[in-house]
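Structures given as structure tokens follow.
Consider the two complexes below, in which chain A is the common component and chain B and chain C are the respective partners.
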Partner chain A sequence: MRLEKCWFCSSTVYPGHGIQFVRNDAKIFRFCRSKCHKNFKMKRNPRKVKWTKAYRRLHGKDMTQDSTFEFERKRNRPERYDRNVTENTLAAIKKIDKVRVDREARHHAKRMKPKKAQLQREAARELEQNISMVKAPGALQQDPSLTLPIKVKVSKPEKVDNRMEE
Partner chain B sequence: MEGKKPHNISGLFDEAKKLKDGFLSFQIIHVLRNFHDKLSTIIDDFPRLNDIHPFYGDLLHVLYNKDHYKLALGQINTARNLIGKIAKDYVRLLKYVDSLYRCKSLKVAALGRMCTVIKRVTLAYLEQIRQHMARLPSIDPNTRTLLICGYPNVGKSSFMNKITRADVDVQPYAFTTKSLFVGHTDYKYLRYQVIDTPGILDRPFEDRNIIEMCSITALAHLRAAVLFFLDISGSCGYSIAQQAALFDSIKSLFMNKPLIIEMKLEAMKTLVGHGGEATDVSNVLLTMSTLTEEGVIAVKNAACERLLDQRVEQKMKSKKLNDCLNRFHVAMPKPRDQKERPAFIPQSVLEARAREAEDDAGKESRKLERDLENENGGAGVYSASLKKRYILAHDEWKEDILPEFLDGHNVADFLDPDILMRLEELEREEGVLQGLEEDDDFEMDGAELTPEEQAALTEIRKKKSLLIQQHRIKKSTAESRPTVPRKFDKDKRFTSERMGRQLSSLGLDPSMAVDRARSKSRVVPGEGFKDSAQKKKAIKIAKSSSKNRNKEARRGEADRVIPTLKPKHLFSGKRSTGKTDRR
Partner chain C sequence: MAASNSSKLFRVGRSILGGLSNNALGASRPSSQLADMDFRSQQTRTFIQMRTSLKVVDNSGAKRVMCIQALKGKKGARLGDVIVASVKEAHVGGKVKKGDVHYAVVVRAAMPRGRCDGSEVKFDDNAVVLINKQGEPIGTRVFGPVPHELRKKKHLKILSLAEQIA
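Our next item is the complex of A and B:
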């Protein structure tokens, strides 16, 4: 049993899922679901289809090369079973996964960092421009800090008989 | 027919006759030829008893009677000659006949006579002989042969079955074998014929029947080693004395043939009186049993050996050998030193032999997986442990269950003896990277908004979103909503209280604005009103004057008026350029 990678979207194909297509030149294409299969039949290039890993890696959205990927390599030679090696491997897999996930998160954060600065600048500008929507310029002059005014309830005035004043 | 015209009718007939002549004689000749060919084939293909090996000649005589055979063939020969003569005569006669009709009748007569001759010939006897001959065993009289003879039912055929691949009938009654049977066996890379004969009874020569005569013929003519079978126990139904008597009577046939006397059923050599006779003729006495298969091979080997010796001896004596002898040369390697070089037998073979010698009969084969399966409940119940024969560093690892997947990865892809080392390196790297990351993070915190600013920003955004929402509602309902100017204030939203609230929420003091908005009815000195009540009344009267008019949607003072709907200057005059859909 082996977990394979979908040719189109690079997600894992578990046993019992998906379709394998064998071409006349004996190249095997595995698909995780009919979505990928149909896209393949339409001759779409996965490098141009936004939601695939191929696209994301190509356009730098996801981490491309990292030492954590070196651990997972398909070996064609069967190894003799060794309990200690297996135990170590099983524990190691979890740790490697954690490291990999952390690194991907870091990559993502790094990618998003410039956006953060831009957002902050935009927020500052917006605040400066539209502060008059929540605090009148008059009030702002009196009280330059940005504490918002408390909403005062205006009561109805008593009936003032405006006689003509002489 | 030629082109010239005959002068007389007889001439005409002559011409025709000549042609017919040729054709008719051709017919006769054709028939003659056919008969001749067929009969000649028959005569030629049957063997001439004088030309074949005396063994076969005698055998045929025994089976078919030489005289009858010759007579039959002779009959056919005469028939052939007769037919030839008839044909020749009639062809000659045809030449001298004058009329066509005569020719035809001659031809008919010729054919008829030939047919009668043939009818008299009987081929049935020859046909039977032919079929029987075809089934005779193919015995080569010149090659090495072992001949098996003895009383009926002593076990000749079973011996034959044992040493050759022949499958001769073995039955408890006498005369099961009724004719000669041939088998072949090998000894020292040579092929030996083994001939099984029918049993011979002790009778005077003249009284023997055809079956016995077969074996006698074989004995007489074939230069073979003779294996004479004796049954001591008497289960064949004849006593030893009878068998001995038979032996004596056919002793003469054993001239110049190596003889071996077989004793069936393991009789002791010393028991038999033949022991004395053994010294007379240099024969060999052997014991064997076809049931338990002891000694069968020994007998065969002894017989073959003796036959071979005899044949070699004879060949050596003959003159022809001297011609061939100089062509033979057996090359023996010259020993270069005194060192002994015996045949090499591998150690494992010696051990196996020793082991075999030890536990001869009670050797158990090792326990098969199949036996194990049957013990534990059979095919459906027991599942074989495929891991039983694994070669691992420690035996207790054999029963380990190894997971193939873990968290979406193939475990086999990660297996590595020095994975721990690499993992350590990785974690070190990771630590370093994390340190770097923290430094980066500290730098970035400069331009953050304070909580106050954040609160203000959220308020702004909330207000903006509210405005947008309202606008969207207005836009979406614009088609179904009447467009009423703001001053009529249909929903009563534009009140001074509201204005006051909004202003105060912005942080301003609304009182002055509210006052100014509210007091529409404040009396300004110079307007002409006594007090606000009067002013209000006046405003009301003014409004009511136009109220009805507005409700009825009538034209008021401010509405546009067209005094003349069709002014003459616009509706008169000649047509100038321009469209006619409008004047």
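Our next item is the complex of A and C:
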């Protein structure tokens, strides 16, 4: 059984799932679910719809270039069955998948990290522009109008214990 | 609406030069093409039943046939079913003539049809291939994609003649 990719969202279409549309020029459009099929019927472009893989790849949200993707490529040549090769492949799938997941996590972490230098530069610029608004501590003490009125805590009388006596 | 338009055009043609009327006719052509496109995109997604008009996708000489009896199913025929059809339009000098009654296999249907694995398949239009009483195709070529379900229905000749199998 071959696991196909959805034409719209690029997710895997497992056997028995979804619908496929055959255009008159024999191009086959496979869809993983009715959501993707409906979006196709509405003539939406998957590159412009934010939740699709095509959009995420195009806008640098996901990892695009990686050697682990090479293993998942579609091959048109059927492989001759060999027990040892199959065993090795099954073992390798797990390892490769782990590597891919780790790399994707690293990519995500790198993308989410704020740009430290840029933030610092922006803060420095703001400080330089608005330095006139900051007063020295000595000036504040001399002119009380510059400081906010100090709130004085009023101590409340303690509550009298007036429980009902039994 | 179209009738009123054409009458207006006719009046214009009569009142002014003939060349102008030709121009007007030329301008009206794209609108009719557009209507045709609309019809194609809104291909009815229902059973093939009595009076359904279908395209003929072989070189038997028929262009368009009308279903006059579905040989299977209570509601009508679906993808891969056999129908009885009457030829409504035919090429001159073909094997079949207008008014002939033939058996035909539905090789493309706009209505989704479940596949053996539970997924669904649908096509752009409703199309048939004419066959004789023994189930052999009348034409010698089949155009466009056909579904692999025809193998299950024992129409191997059509499958081997087809350009693409979807």
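We adopt the following convention: the second predicted complex is superposed on the first by the 114 of 166 C-alpha atoms of A that agree within 3 Å, B and C clash if a C-alpha of one lies under 4 Å from a C-alpha of the other, contacts with A are read in each partner's own complex, and residues count from 1 in each chain.
To be clear about the criterion, a contact is a pair of C-beta atoms (placed from the backbone, for glycine too) under 8 Å apart; a residue touches a chain by one contact, two chains touch by 3 or more.
Because the structure is predicted, anything quoted here is derived from the model rather than measured.
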Partner chain(s) touched by A:50 [first = chain B, second = chain C, both, neither] = neither
Per the overlay, which chain contacts more chain A residues, chain B or chain C?
-> B
Partner chain in contact with A:131 - chain B first, chain C second, else both or neither = first
Who does A:146 touch here: chain B (first), chain C (second), both, or neither?
-> first
Between chain B (first) and chain C (second), which does A:20 come into contact with in this model arrangement: first, second, both, or neither?
-> second
Return first, second, both or neither, reflecting whether A:28 touches chain B, chain C, both chains, or no partner chain.
-> second
So, does A:97 touch the first partner chain B, the second partner chain C, both, or neither?
-> first
Which parts of chain A are in contact with chain B and also with chain C?
-> none
Within the complex, chain A is touched by chain C residues 108, 112, 117-125, 144-145, 147, 163-164, 166
What part of chain A is in contact with chain B in the complex they form?
-> 1-3, 12, 67-68, 71-75, 79-83, 85-86, 88-90, 92-97, 99, 102-103, 106, 113, 116-117, 120-121, 123-124, 126-127, 130-131, 133-136, 138-140, 143, 145-149, 151-154, 156-157, 161-166
Flag every residue of chain A that touches chain C in the complex, lowest number first.
-> 13, 15-24, 26, 28
Name, in rising order, each residue of chain B that touches chain A in their complex.
-> 390-394, 397, 400, 402-417, 419-420, 422-423, 426-427, 429-430, 433-434, 437, 444, 447-450, 452-453, 455-457, 459-461, 463-464, 497, 500-501, 503-508, 510-511, 514-515, 518-519, 521-523, 525, 529-532
